[in-house]
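Both complexes shown next keep subunit A, but they swap its partner, so subunit B is in the first and subunit C is in the second.
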Partner chain A sequence: MTGFSTDRRRVVAGLAASASLLAAPRALGQAKPKVVVVGGGFGGATCARALNRLGIEVTLVEPNATYTACPFSNLVIHGSRDLSAQTFTYDAIRRDGIAIAAEMASGVDADARIVRLASGATLPYDRLVLAPGIDIRFDALPGYDEAAVDVMPHAWKAGAQTALLRKQLESMKDGGVVVMSVPANPYRCPPGPYERASLIAHYLKTQKPKSKLLVLDAKDSFSKQRLFQNAWKELYPDHLEWVGLAGGGKTTEVSVKDMTVVTEFGRHKADVANIIPPQRAGRIAADMGAADRSGWCPIDPVTFEAKLRPNVHVIGDAAIAGAMPKSAFTANAHAKVCADAVATLLRGETPGEPKLINTCYSLVAPDYGISVAGVYHPAKGVLADVEGAGGTSPLEATKDVRALEAKYANAWFQIVTSEVFG
Partner chain B sequence: MRNAFVLAALAAPLVFGSPALAQGAAPKPPPPGASSCSGCHGAAGSDLPTLSGRSADEIAGSMAAFRSGERPATLMNRIAKGFTDEETRAIAQWIAAQGRAK
Partner chain C sequence: MARALINVPAKAKRGEIVEVKVLISHPMETGFRMGPDGKFIQREILKSFACTYDGEAVFSADLHPAMSANPFFAFNMVASQSGVVTFSWTDDKDQTQVQTAKIDVE
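Moving on to the complex of A and B:
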């Protein structure tokens, strides 16, 4: 260790260098800079833990006592996984010493740097991290309102919706028609609808072989498309039909009363309808002015600071992250880079340019995995693909390779959820 | 003595109170890309290999072999191509140091 005088010199030097930084902490004399994280999902919970490890005082705002994860929830819908395997508590995060405000953040005063909670309490912050995930746009698809989700579940937020869709599939008679509606980009988990379609088709093929799944899609191309479509041809030729935009796949309206999904080209009667509706950033983002007209939040690709609100960082699904897809892997990667950037900014320094990785596995069948990966860096103001990197699993691969990727998918879920919640 | 105390108190907002910071050394942020790795590489005993306990040379060597295609992979080849040799070495050193720290 160095002697006292060296320590003192360092402190003095630090102070001199920081004259301009005294504006950074909220108030002089405050012991530590405060960061509030709104949302305890893959993004927010990761970020709170990373900030805490960096010695920053963090409060995590999350109304739910448990978190139900979406990745692998398609296996719950398939019938081969229990919803309890998707559920995580905040106990370990609390044990880290992170304060949790177990309620909804109802608003943010960005000028005063205060988060308002549903109870009326307020939390001051030096920097705020918003990780509210998505909200369903109930204004975007005629007929699909808050009440419709009880009849035509979206199951795009895991939990009761996931269980409901599973129950509907289970009670459907053999010979039934399942209709799935898939939105245009951007939305949470680009390959998620196609993994779900695969696993529903697998369930129908093995348990209700006279039934059929019709996938109505608002786009003509999608993530891992050739891999999915090749596998569908091989595995589910009689059970899965996909209709893209050009074929009239875009859903224009739904009717809960008639159990009908309407497209530009026709009306489709459904025994079970899974509507994945258009989405936007969790509503607090728009309420506080961090979202643009698209409903999502533009961010600085180095710091994740919202372009529309200073001192507010947006991570995970809510952010416009350029080429990075809205995934749990992405949210986790955002969170760690954002925590480092926040700590650096709070020291009055400039964060360096990050690189980030995403990997999304999808199951085409329980033992058949495929993946897409990417490496990203800031370029021209957004997170762009690092050229020459990333891409999908090969189109030609042995059964063993597909089985190995399914195994890795499982391992990823274990590891990421233990990093976030364990 | 008194002076030092006052200065330390004033400086407190800048040092977050973590032991490393209290000694005046801010932790060096991880090199570009490094913090993403723990999304897949965790503790031992998983189907995905752990990196803890591996040396920087071993990690950087694997990455180079994935990048060149010399070492077959389901996915790491696609990721390794996103990093230069220099970036990979920095990541490997950081991960190896973390492993020792834990």
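Moving on to the complex of A and C:
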């Protein structure tokens, strides 16, 4: 697309036709509008590329030279995938002509419309897109602080944490106990803990059959629950025990010193402890006042503009996206809709109502996939399910069907990562 | 019958304030929900809950339909002497269930 030249023609035509353009954003008519995108994950990187295609001058702020993807990182923990298969560079994005500020965004001055960088440099913007992902809440689970992650990895941000959990599982003796702690909603990747539990159980069953995985959950119900639980009963009856909230599964404290996970009703000694802690939107969102008391960012479901900070858009895991789960697929969808809305708003026009899709694949075993898909639209101020659309994998299915879904999952990862980073 | 999880510290010092936690697995069906046949699902809740410590009442509560499934109680009491902590709860059919825990006070 050559959006910019089209825009300019429209602007000229508009000038001739109407005086209302005087009220249009300042960027029009003078310079190319500037958008800054903070965060180079599935949401931010997609959005930067989409904005670039629409003829907008984009700067992507991302301190890391490479991105390590979370989807499929549970296979790294399982031992059947190399972490390098999860790693992507920003080279292709740079080749698109997108400027990359390879440093941390230290803050935002929303009134002056400026992003401050760690080096002291500033980036002016007409509109800002925040895609900061998640931060771990180290204030939410007693005993689980910044130092604890080296002993009890969360592995909920892919990279060194993923490798550490893998290493711990590998060095655990046969007969060991793995304890996994799962938080209450909302958190990144709702079915993720259960995929991970499945794949850890698969590893134990095949490599360390005297060992066991105990999953302590702060919820009684979760995504694709019946599919997961049926599969667990069939595949891992001796290796995976799940304890929900009603069974006393909520973790209230961890002790790194004793390698113990504490619930309201018991203490569980672990040889390997994987603590998936409570989370919130990436720090910058809260610092600039885009997050509410929940720690996440309320948004307009049509434009993804933050309800608490006009002119700032929030996409991906950091946003409160109604019925849409926090997933890479969702972030990618948010990013495209948001880019289009930003471009439309910069033209002084009103964005149309979008429809968005999400699909979450989970692997219950390396060759056993299940999925849930949904379609969403703005309704009553939030992104709501389109009733009757989407669905989950059938409860009864042959091995071939499950194997095919595992293939679809792989194909999705190939497609989305080549779209975002390739 | 409902299954319950109880957490009373096994040991405590005399005069220590200890926390007691109870989680009763119960659907707490409100009676206001409609089933797939369009008829209201019959109300079935726990009506009351009580705790005694060596025969003396230390905590009691009346429960109502607005209370969540799997009610969870947490309260404090003073560990005055070794004894039995008794928990009881009664449902809509007036069936009462009792469970006990021991506390050893030094």
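The rule is short, and it goes like this: the second predicted complex is superposed on the first by the 394 of 422 C-alpha atoms of A that agree within 3 Å, B and C clash if a C-alpha of one lies under 4 Å from a C-alpha of the other, contacts with A are read in each partner's own complex, and residues count from 1 in each chain.
We take it that a residue touches a chain if its C-beta (ideal position, glycine included) is under 8 Å from a C-beta of that chain, and two chains touch if they have at least 3 such contacts.
Just so you know, these numbers come straight off a predicted model, no measurement behind them.
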{"item": "Which of subunit B and subunit C A:220 touches, first, second, both or neither", "value": "second"}
{"item": "First, second, both or neither for A:265, with subunit B first and subunit C second", "value": "second"}
{"item": "Most subunit A residues touched (candidates subunit B, subunit C)", "value": "B"}
{"item": "Which of subunit B and subunit C A:118 touches, first, second, both or neither", "value": "neither"}
{"item": "Which superposed partner A:246 touches (first subunit B, second subunit C, both, neither)", "value": "second"}
{"item": "Which superposed partner A:184 touches (first subunit B, second subunit C, both, neither)", "value": "neither"}
{"item": "Partner chain(s) touched by A:65 [first = subunit B, second = subunit C, both, neither]", "value": "neither"}
{"item": "Touch list for subunit A against partner subunit B, complex", "value": "4, 7-8, 10-12, 14-15, 18, 21, 25, 28-33, 50, 54-57, 329, 332-333, 336-337, 340-341, 343-344, 346-349, 351-357, 359, 371, 373-375, 377, 386, 388-391, 393, 401, 404-405, 407-408, 410-412, 414-416, 418-419"}
{"item": "Contacting residues of subunit A [partner subunit C, same complex]", "value": "220, 245-248, 264-266"}
{"item": "Of all residues in subunit B, those that touch subunit A in their complex", "value": "4, 7-8, 10-18, 20-21, 23-24, 26-27, 29-30, 32-33, 35-43, 46-48, 74-75, 78-83, 87"}
{"item": "Touching residues on subunit C, where the partner in the complex is subunit A", "value": "5-7, 21, 23, 25, 69-70, 72, 74"}
